[in-house]
Every structure is written in structure tokens, then in C-alpha cells.
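Below are structures written as C-alpha cells.
In the two complexes below, chain A is the common chain; its partner is chain B in one and chain C in the other.
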Partner chain A sequence: MDMEFIRNYYPLYVEAAKMTIVIALIGIILSLLIGLLCSMIKKLEIPVLKTIVNIYIELSRNTPLLIQLFFLYFGLPKLGIVLSSETCAIVGLTFLGGSYMAEAFRTGIDSVSDIQLESGLSLGFTRWQTFLHIVMPQAIATSIPVLCANVIFLIKETSVFSAVALADLMFVAKDLIGIYYKTDEALLMLVLSYLVLLLPVSLICTWIERRARYAGFGNTGTVSGN
Partner chain B sequence: MQDSGILVLFQGTNFLRLWEGLWVSLRIAVISMGLSLVLGILMGMIMTSKNKIVRFLCRVYLEIVRIMPQLVLLFLVYFGAAKHLGINLSGDVAAIIVFTFWGTAEMGDLVRSALISIPTHQYESGYGLGLTKLQVNLYIIIPQTVRRLLPSLINLLTRMIKTTSLVVLIGVIEVVKVGKQIIDASRYTTPGAALWVYGAIFIMYFLICYPFSRISAVLEKKIKD
Partner chain C sequence: MKNEKEILKVEHLVKSYDKGDPILKDFSFMMNKGEVVVIVGPSGCGKSTFLRCMNMLEPIDSGKIIFKGRPINREGKNAHEIRQKIGMVFQSYDLFPHKSILGNILLAPLKVQKRDKKEAEQEAEQLLDRVGLLDKKDAYPRQLSGGQKQRVAIVRALIMHPEILLLDEITAALDPEMVREVLQVVLELAKDGMTMLIVTHEMEFARAVADRVLFLDQGEIIEEGHPADFFAKPETERAKQFLNTFHYEAIDAQA
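Coming up: the complex of A and B.
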């Protein structure tokens, strides 16, 4: 193990990790918004939009992110839509994440009994008000374990971004292996980077799950991962 | 040029070649799934062990698999094996090793949760009726476990199929690589080929995964009722 090499090149990993965090964060926030929107459309059964949402969810859940990225990055320019690597990564991650988040919210919403919705309506709330103020707060507590699992899943999925020429952690590792043949050092730093990125998230998730459970309305059911 | 791009898919044996390419990664998924199934059942039984150390080790294994992106594991095995063991693993073999390692952990966790979800009175009633341990497991516990496992098992298979698309990044010649060859070969005749080729690959993956996720959803509903 060449410590000198690690000392010299670890800043590259830090840079790459920073970029991964930024893109993952933007992607996750957008996914949550899209997921929320899609689950509302599904619950409120808005015609036409509901069909579009269903098609989107099936398409996004049944195809790999890598293929979605290739299509965005290499396919779309032929239609005159040229996206930068970063935009591509964010759009791809959001396209994938949105449907997973939507499904997570849906399981939460399904767990809230219809009586809640009906009571809200009979008290004179509109459908949107009932949904926002009565159904959602209860649903989110139930969804939290799955939402957390999705966040970890999405951060893990960022590892394929090197395929669309984004200088992420995988890209740096592959570069260092290719240029200097320092396989061990490059791989070690790669593994450590992902541990540093994901271990805290995983621990925070466990903590949040326990809190939600402690509050008494969190369903402790299984976490389905991706 | 744009509207003629789609024809590139049907030139010569292009369409067939794409499917053959997809089969390469599907085969990796199927082999890994088969191995994970066998190893995962064993793993699941080990995970229900009462021994604290065994349980702790299982937990560590599961966490490692859950936290590390599959692509990182692929890199570790593909590049690491070449350097340390001196063996030049082909991309296929490296992929099968990684996906089995990953699948076994996931499968083990599924088996574990299915096993502990069977109430103890099922065992006790079985013994009460005079069945032996083997008979209880064979006729009472395993049929119920399998029923509960099936939806998540199929779900795992679709995840496996989707994740094997990563093997192109460690140099396996599969559908994306074939797609690139087709695009490069027709660079001058049909510059718009990329859109159609990647579009076709996208749809192909969907066609493979969608039926499985439907089956899984139907089975899940059946169990709930």
C-alpha cells in the first residue's frame, strides 16, 4: 500500500464525492416532489393524469438507470435535445427516483383508512385539504422506512454516472487504475469514500425509523429496498 | 434522416443481435439468481440462529452488501482478482460472483423474515399431531414460507435483471455494447441511429421486467386477501 499515493490523490475523491452529494441531493429532493405529486394524482384519481402517472411509474421501475442515462445522453441529442452530463445525471436520477418515491408514498396512503378521508370531507374540507392536512401526515409516518431505503438506493445508484462521462468516484478510481496501475490504493479509497458517504445516511435512517416507530403511528413493517 | 433512423434496427441481423446481447446479461442474472436461491435459503436459516456472534456476522455481511453500490463490488472483484489472485477473471465470471454475493444476502434476509413470520403454533401443532421435525418442515413450514416468499423473490429477480445492465462497465459484450457497435457501423448512413438503438434497448428491458413485476404484484395481492 502506497501511502504517498493516497495522500497525493485523495483530494480527487473528495471533489468527486462533493459532486456526488450535490447531484444526489438535488435528485432526491426532486424525486420526493415528483413522488408526492404522483401519489396524490393516483389517490385523487384525476383522469388522464392518472394514466400518465401509471405509465411513467411502470416504465421507470422496470428499466435500469444505466439504460435511461444512455438514452438521455446519447439518444436525445439526435432529436436536438443536448443535455450536459450533470443535467443528464439529475434528470435520470429523478426519473428513476420519482416512481420509487411515489410507490413509497402510496403504501403510506393506502395504510390510512378511508374513514379519515370521509370524515375530512364531511367536515367540509375540500379533497386537496383533506389530503394535505389529514391523510398525508399519517401516511408519511408509515412511509418513512421505505423512503429512507429509497434514499440509500438512489445514492448507491449515483455510481453509474461515470457512464455518461461525469467525473464521479467510479470515474476517478478507474482513471487512477488506468493511469498508474495503483489498483489497491484506488479501490481502497473508492470503498472508503462510499462508506463515508453511505454509513452516516444508513445510521440516520435507522434512527429516524426508530423515532417514527416510537411515535406510535409508524408502521414497523418490512423495508422493501428498491 | 430522423424518420429513417428506425430502419437501422431491422437492417441485417441487427435486431437479433440486440436480443442476443440482452441474453448475455440475462444469463448472468439467471445464473446468479439460481445460485443465490440455494445459498440464500441456507443463509436465511443461518440468520435465524440463536448464536449472537453468528447473527452479528450475518448482520455485517448484509450491511456491507446493502451499503456498497453493486458497481463498486464489481470493480473490487474484477480489478482486485486480477491483481491479487493473479487470475484474469472474465467479466461474466466476476459479475456472477458479485451478483451471487449480493443476491445471497438479499435472499437470506427474505428467507429469514419469512421464517420468523411463521407463528410458532404451526410448529407446535405439527409436533402435537405426531409429525417428525422433517415432516413439520416439509409439509407445514416450507409450503407456507414459499407462498410468502414468492412475490419478493420475483421482485429480486427483476432487480437482478436490471442491475446486470452494469456489466457493460466491466467490459462484458452485452446489449449496450452491441448497440454501440450498431450505432458506430451506421454512423454515416444513419446518424440518428443512437436514438432508436437506445430507445429499443430501453423498451427491451421493459418488456422483460414488466411481466415479472406484474406477476409479483398479483401474487402479493393474493397473499393479502
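Coming up: the complex of A and C.
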């Protein structure tokens, strides 16, 4: 193991990791927003939009991210739309993540009984307010484990970005191997980089899951009567 | 508006589910402010459906529902404003599990009516005190018994100052010993002059609380009258049979 090599080149990984974090963060936030929007459109059964959402979800979930990226980076320019590597990465990640997040929210929404919606309506809430104040808070709490799993999944998916010439972690590793033939060192640093990125995320997710399950709902207290 | 006292009127209401046989057939009905009307009848006779139609939770096939002189319609733009004046309590209480008791009660006054938080909180505490649950205000629904939850559900409807309260079999999911604590609250409301339309299987309670009893069977009003008359000497054969099902021991003893 060439420690000298590792010392010299780890800053490249730090730079690449920073970029991965930024792109993943933007992609995940956009995915959550799109997912939330899509799940609401599906639940409120808005005509036309509902069909578009269904097509999008099937298209996105049944094609690999790599192929989606190729389409964005190599296909679209032929139609006159040229996107930078960064834009492709964010759009691709969002396109993929949006559908996964939508399905995660949908399971949560489906777990809230219709009579909760009716209770809201009978108190004078509009459908939209009922959704916002009564259905969604309960739905999100149920969805959190799946949402967290999706976040980790999406961060891992960033490893294919090198395919569209983005200087991410994978790209740096491949580059170093190509130039210096230091395969072991380059790959070790790659694995460690992803671990350093993902371990804290996993831990935070576990913490959030536990809080969502126990806090706020009074589940820890005694249950008396029926 | 011809009758100032009239609060709710139904004209020729027809309602069916999924284009099947109508569950309510040409239903007409009227009630005045301050009146307590109790609907009784066998399972599946359409009494809960009727109540749900009054709150526009169900689409109707034809007919008119008139609240305070104005026809109401669930597709109407102001449906949610009218629902604020029509309180409803369900059989399964349906408190919001993610909110504390106080949070459950305050959600609609704060978000829908945009009331002052202090003032609404004060009223919520007064109402909770009235139903004997002030000490539970910071608890969560899961920590309450069925009877307690149902009393909270009543308070949650009352704080909106509804002009009429619809109660849909509110004790049907409760253990017998909890039925009383809930019905006691309703009896007190009646004494205070609350206008209520009640569906129940508790005949003793119906007799005690009602100004008028409607007996429903197969989507039609079969008999209507003062509770004293209805329970003592029902006029129709079907009402007699129905009331007899509540006295099976007596029948066995006679036979």
C-alpha cells in the first residue's frame, strides 16, 4: 500500500465528495418535492395530471439511471438541447428519485383511513386543508422508513455520474487508476469515501425513524380501555 | 324564508350507492332549531347514509337538502363553509392521532376559523372541563379510552359553534360501561337547547333525549312521532317488530 500516493491524492476525493454531496442534496430535495406533488395528484385524482404522473412513474422506475443519463447527455443534444454534466446529473437523479419518493408518500397516504379525511371535511376544512393538516402529517410519519431508504439509494446511485463526464468520486478513482495504475489505493479511497458519506446519513435516518415512530403520537404512554 | 325556525329541510331525497337499488327512496323531512330528532331503525335502513348526506359527505342522486333556507350541495364552492355550521361526530371518533387532545380540538378553530389562539384555547379548556377531561388535554388519543375519545370528538365539533350537530351511532363502538358517560354529555347538550339529529341503537337514550323519533326501514320513514307515543304504542307493525327485538327476554318469558 502506497501511503505517499494516498496522502498526495486524497484531496481529489474530498473535492469530488463535495460535488457528490451538493448534487445528491439538490437531487434529493427536488425528488422529495416532485414525489410529494405526484402523490397528492394521485390521491386527489386530478384528471389528466394523474395520467401524466402514472406514465412518469412507470417510465422512471422501469429504466436504469445510467440509461436515463445517457439519454439526457448524448440523446438530447441531437434534438438541440445541450445540458452540462452537472445539470444532467441533477435532472437524472431527480427524474429517478421523484418516482421512488412518490411511491413512498403514496404508501403513507394510503395508510391514513378515509374517515380521517371525512372528519376534516366535517370540521369545515377544504379538501386541500384536510390534506395538509390531517392526512399528510400522518402519512409522512408512516413513509419515513421508505423515504430514508430512498435517500440512501439515491446517494449510492450518484456513482454512475462519471458516465456523463462528471468529476465525481468514481471518475476520480478511474482517472487515478488510468494514470498511475494504483488500483488498490484508488479503489480503497473510493470505498472509504462512500462509507464516510453514507454512514452518517444512515445513522441520521435511523434516528429520524425512531423519533417518527414514537414521538408525537403518544404511543409510548399507557393505553387504557378500548 | 317562510319559517324562521326551520333549520334543515329535505325534499324528495334519493340516494343509491354505485347505481344499485336506492338506499334512500324519496325521503322528505324537516326539523326546527332547538329540536332533537332521533332516527332509529334496523341495520342497513339508510339512517347513517341519511346523516352523511346532511353533511354533504355523500353525493345524492336527486332531491334537495335545504339548510337555513338555502339549498346545499357538496360540489358547491362554499360547501366547506356550510360544514362549519353542521357539526358531526362519527361512530369511530376519529381523533387525529398525530395531535394532542388540545391540538385535536384547536386545529379547526385556528386553521379554518382563524380564531385567536388564547381565546380558542380558553374555550377548549372550558369545554373539556365540562365533559370531565381537562386533565387529559396534553395526552394523545391513543392514551384515552373509547368513551373519553368520543367525548373529545364531541368537544372538537362543539368548539366550531355548529348550529346543528349530527351524531352517527356515537356509542356503537363503545364498551357498555362507557356508553353512559358519552350519552350524559349529549343529554346535557339537549338540555342547553342544542339542535341535534341523532342516529342511535340505544332505545332508552332515544326515549330520554328525543323531541321526535323517526323510524326508518328500507330507506323510508315508516313512522314518526313523540318518543312517549312511539316507544309505548308504535302504530305500524314494522316498528312493533323492531322495538320487540330489544325485549327478547320479555318475549321468551311470555311464550
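In this section, the second predicted complex is superposed on the first by the 215 of 226 C-alpha atoms of A that agree within 3 Å, B and C clash if a C-alpha of one lies under 4 Å from a C-alpha of the other, contacts with A are read in each partner's own complex, and residues count from 1 in each chain.
Everything below uses one rule, namely that contacts are C-beta pairs under 8 Å (C-beta built on N, C-alpha and C of every residue); 3 or more make two chains touch, one makes a residue touch a chain.
Computed from a predicted structure; not experimentally measured.
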Between chain B and chain C, whom does A:50 touch in the aligned arrangement: first, second, both, or neither?
neither
Using the superposition on chain A described above, determine whether A:160 touches chain B (first), chain C (second), both, or neither.
first
In the superposed arrangement, which partner chain does A:152 touch: chain B (first), chain C (second), both, or neither?
first
Contacts of A:202 with chain B and chain C, given as first, second, both or neither
first
Most chain A residues touched (candidates chain B, chain C)
B
Check whether A:116 is in contact with chain B, with chain C, with both or with neither, and answer first, second, both or neither.
second
Of all the chain A residues, which ones make contact with chain B and with chain C?
222, 224-226
Hey, which residues of chain A end up touching chain B in the complex?
58-59, 61-64, 66-68, 70-71, 74-79, 152, 156-160, 162-163, 170, 173-174, 177, 183-184, 187, 190-191, 194-195, 198-199, 202, 222, 224-226
Write out the stretch or stretches of chain B touching chain A in their complex.
2, 5, 63, 66-72, 75-76, 79-80, 82-83, 106, 113, 152, 155, 158-159, 162-163, 165-166, 168-169, 176, 179, 183, 191-199, 201-202, 205-206, 209-210, 213
Can you check the complex and tell me which residues of chain C touch chain A?
55, 57, 80-81, 83-84, 86-88, 90, 92, 94, 96-98, 100, 107-108, 111-113, 139-148, 156-157, 160, 173-175, 178
Chain C partner, complex, touching residues on chain A are 113, 115-116, 118-119, 121-126, 129, 133-134, 137-138, 141, 216-219, 221-226
